[in-house]
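If you scroll down you'll find the structure; I have some questions about it.
Chain nomenclature is as follows: A, B and C, assigned in order of appearance, with residue numbering initiated at 1 for each chain independently.
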Amino acid sequence: MIRTEELLLNVGPQHPSTHGVFRIVVKLDGEVITEATPVMGYLHRGTEKIAESLNFTQIIPYTDRMDYVSAMTNNYVLVHAVETMMGLEVPLRAEFLRLIVMELQRVASHLVWWGTYLLDIGAMSPFLYAFRDRETIINLFNELCGARLTYNYMRVGGVKWDAPPGWIDKVREFIPYMEKKLQEYDKLVTGNEIFLARIKGVGRYDAATAIDYGLSGANLRCTGVRWDLRKDEPYSLYDRFEFDVPVGSSGDCYDRYRVRLEEIRQSLRILRQAVEQFPQDGETMGKVPRVIRPPAGETYVRIESPRGEIGCHIVSKGKAEPYRLKFRRPSFVNLQILPKLLVGETMTNLITILGGIDIVVGEVDA
Amino acid sequence: MGAWLDEPLSWGNALVLFLWAAVFLLIVLGFVTYAIYYERKVIGWMQLRVGPNRVGPLGLLQTVADIFKLLIKEDTIPRKADRLLFILAPALAFIPSFAVLAVIPYSEKLYFADLNVGLLYYAALSGITTLAIVLGGWASNNKYALLGGMRSAAQMISYEVPLVISIVGVILLSGSLNLKDIVTAQDGGWFWHWNLFPQIIGFVVFFIAAVSELNRTPFDLPEAESELIAGYHVEYSGFRFAFFMLAEYVYVYAIAALTTVLFLGGWHAPAPFLDFVPGIIWFLLKFAFVVFSLFWIRATFPRVRIDQLMSLGWKVLLPVAIANVFLTALWLELFVK
Amino acid sequence: MNGKGLLQGLGVTLKSLTAPKVTTSYPDVPIEMPDRFRGIQHFIPELCIVCNQCARICPTDCITLTGKPNPDPEKKGKVIDTFDINFEICILCDLCTEVCPTEAIVMTNHFELATYSRDELYKDAEWLTDNNTLVRQDNNNIGAPGKGGAK
């Protein structure tokens, strides 16, 4: 009998596939993982604590930096929470603009995920194809609000900028373009036998486990649970549009992949309707008091970010600054299932599973 | 040129042979330099980029600059590494890769060693590089390198077997292990006389196994950059790292040349009326096409998993290769004799 | 495992081989940003009324300014004395230009901030005043008093 030893391997914090500074300490028996301990906090900036000394307008740029591939939805959850607390009304045109940018953001965010996931699995080209198309969205955002990643676009009571002339038409042109590109993606990747063999049946869990762990977003829907806050607790204008909530059945990485690609299609469907119904004119900023002071009390709102349920809990003492601000960050919650999924898997599957959960470390650590 | 080898060894002959070897080394180095450039350009274009274009006209000197950078880089050896083996491994990886090139014929006149067991010689020597990769991975005293080295050992051993068996069909058809004779046996004027068509099964198995032997996508598990960072050469820097890369690209050269010789009819033109073009041009065209296919595959496919790699090797490629040998033998026995 | 998907993928990459390339030639060709782009600020001292709003709204406290009494005794109010932005921590969030009532501080389309030393990232009023090319035209300062927005 050969004496064998467990190998303690630090995957990260500097590792190309941990999507930022995230560490997993794995115990390996050969290439099989016997124990995995995620270590997070390398990107912790104390956003929630910093927010306690800032007024609400000042907090918006900080939300951009939590989930930096989906800044628009983060903007929205904060302003939505404040508006709910203060009972503010947002002009229709502003709400439409918010919805359009959030859906564009969802497409952009899923494209980043798609590209980097394929990069994790070893295919280099899809990443550049995805970024080519994401670039179109980023340019749209750049024209709209002057930034490519950290938009700082929404304000309590409305949005900072009205759409520049011709912008809506550009969004309209983008929809068929993206639909065509999705077919190319399917040809390049979805049918690829090597890819399917890599992800089918990997990282499988059932609906009960997903709910126990509090998963949300594609990580929950891949198990067959039809839960999407846009449908189940419609916020913004989502109740005006027709769209489906794609679900998987087996809860493996392949289903998560399919659900996310289908979500891009559904987002394009929402966008198509939103662009058609976009009001001709109107205000982009509602009637907002000079200083934003939510009344004393507490509020929790939640919306569907590309990664799942992002929530914002504000405790106010009637001051311009929040007494306490807490974000429910979907990446952080979704990540908690990782140690359970990794036991018994190989090193290679570690990357596949971690990539499939779709974390953004800025949001995990906040 | 090969005739020199048959003459008695004198000082003059030795000098000539040495010079030829040196010239050939320069040719191979030139190939490696521009294969890397070619690869980066092709993959760049496939990824909607332009590829290297900064150093020299059209970026032609990019690889030269990269190699120069590697050469002037500080040579680091980890303190806890096994020093001797760590130093030995890159050289051990490179020497066989260069040595296997001796048996490859480029045209009727242009060849180096006319060895009658050429194919065996190739298979035997190329196996040594595996050893170097395992050594490098182990001597680095790094966990990622060790995993990469171990994967490499498993992979190379598993794929050496179908690789060699897949060419048995070719050997049966031409009745020789001599690469020059194998090419001569494919001479019939037309491209369907090449081994590619009668040996299509063998060719597919050979090509898959060859890509795997080269450690290239989709079989680049030993260096899987998204899992093992760089695998076995993670601790290497400077010219030692360059040697590993060099060995890898010299094997690209060797495998592309071997594929051309074994399956694509070597220097023969695809049709009789194209005979006026010199054989070496045909050889180079086919060779360039094989190299292009390798890059093309790299730009498209994701990486396979180690267990899938093993089952593909042992459960699919090996039985298919053996079946191919039987079918070829049966065909020869029933219809040719 | 029939290989159809693999061949389709190879087809896509082969087609891309000759497709138009999407990369830009930055820095050989400068990138043109849309007018709304939030780049390094341009400062106009003559317009500044030293109201301190920009320094107050800044989420990272990167703006420091001091004023002095107006040298012209006829006029009331203060004029700007020093105005510094620390670009080590400035996040170009646009809030300072948004609140500025006189548009004394506006965004430009410049974004190249890389320097060899951190000290060079402290930009003073003079530097910011000279940074006067590609200034943003449309400033839409919704937060400023007396100009739309804050009703």
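Here is the rule we use: a residue touches a chain if its C-beta (ideal position, glycine included) is under 8 Å from a C-beta of that chain, and two chains touch if they have at least 3 such contacts.
All figures in this text were calculated on a predicted structure; none of them were measured in a lab.
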item: Most remote chain, CA-based centroid, reference being subunit B; value: C
item: Chain occupying the middle, per Cα centroid; value: A
item: Centre-of-Cα separation between subunit C and subunit B, whole angstrom; value: 53
item: CA centroid of subunit A to CA centroid of subunit B, Å; value: 44
item: Between subunit A and subunit C, centroid-to-centroid distance (C-alpha), Å; value: 27
item: Shared interface positions of subunit C, touching two or more other chains; value: 6, 9, 12-13, 16, 22
item: Where subunit B touches two or more other chains at once, by residue number; value: 46-49, 299-301
item: Where subunit A touches two or more other chains at once, by residue number; value: 125, 129, 132, 188-189, 192, 194-195, 197
item: Residue ranges of subunit A in contact with subunit B within the complex; value: 7, 9, 15-17, 31, 118-125, 128-129, 132, 188-189, 192, 194-195, 197-198, 346-351
item: Partner subunit A, residues of subunit C touching it in the complex; value: 1-6, 8-9, 11-13, 16, 22, 33-34, 36-38, 57-59, 91-95, 98, 107, 136, 140, 142-143, 145, 148-151
item: Residue ranges of subunit B in contact with subunit A within the complex; value: 43, 46-49, 143-144, 147, 217-218, 220, 224-229, 298-308
item: Footprint of subunit B on subunit C - complex, ascending; value: 6, 9-10, 12-14, 16-23
item: Subunit C-touching residues of subunit B, taken from the complex the two chains share; value: 42, 45-50, 296-297, 299-301
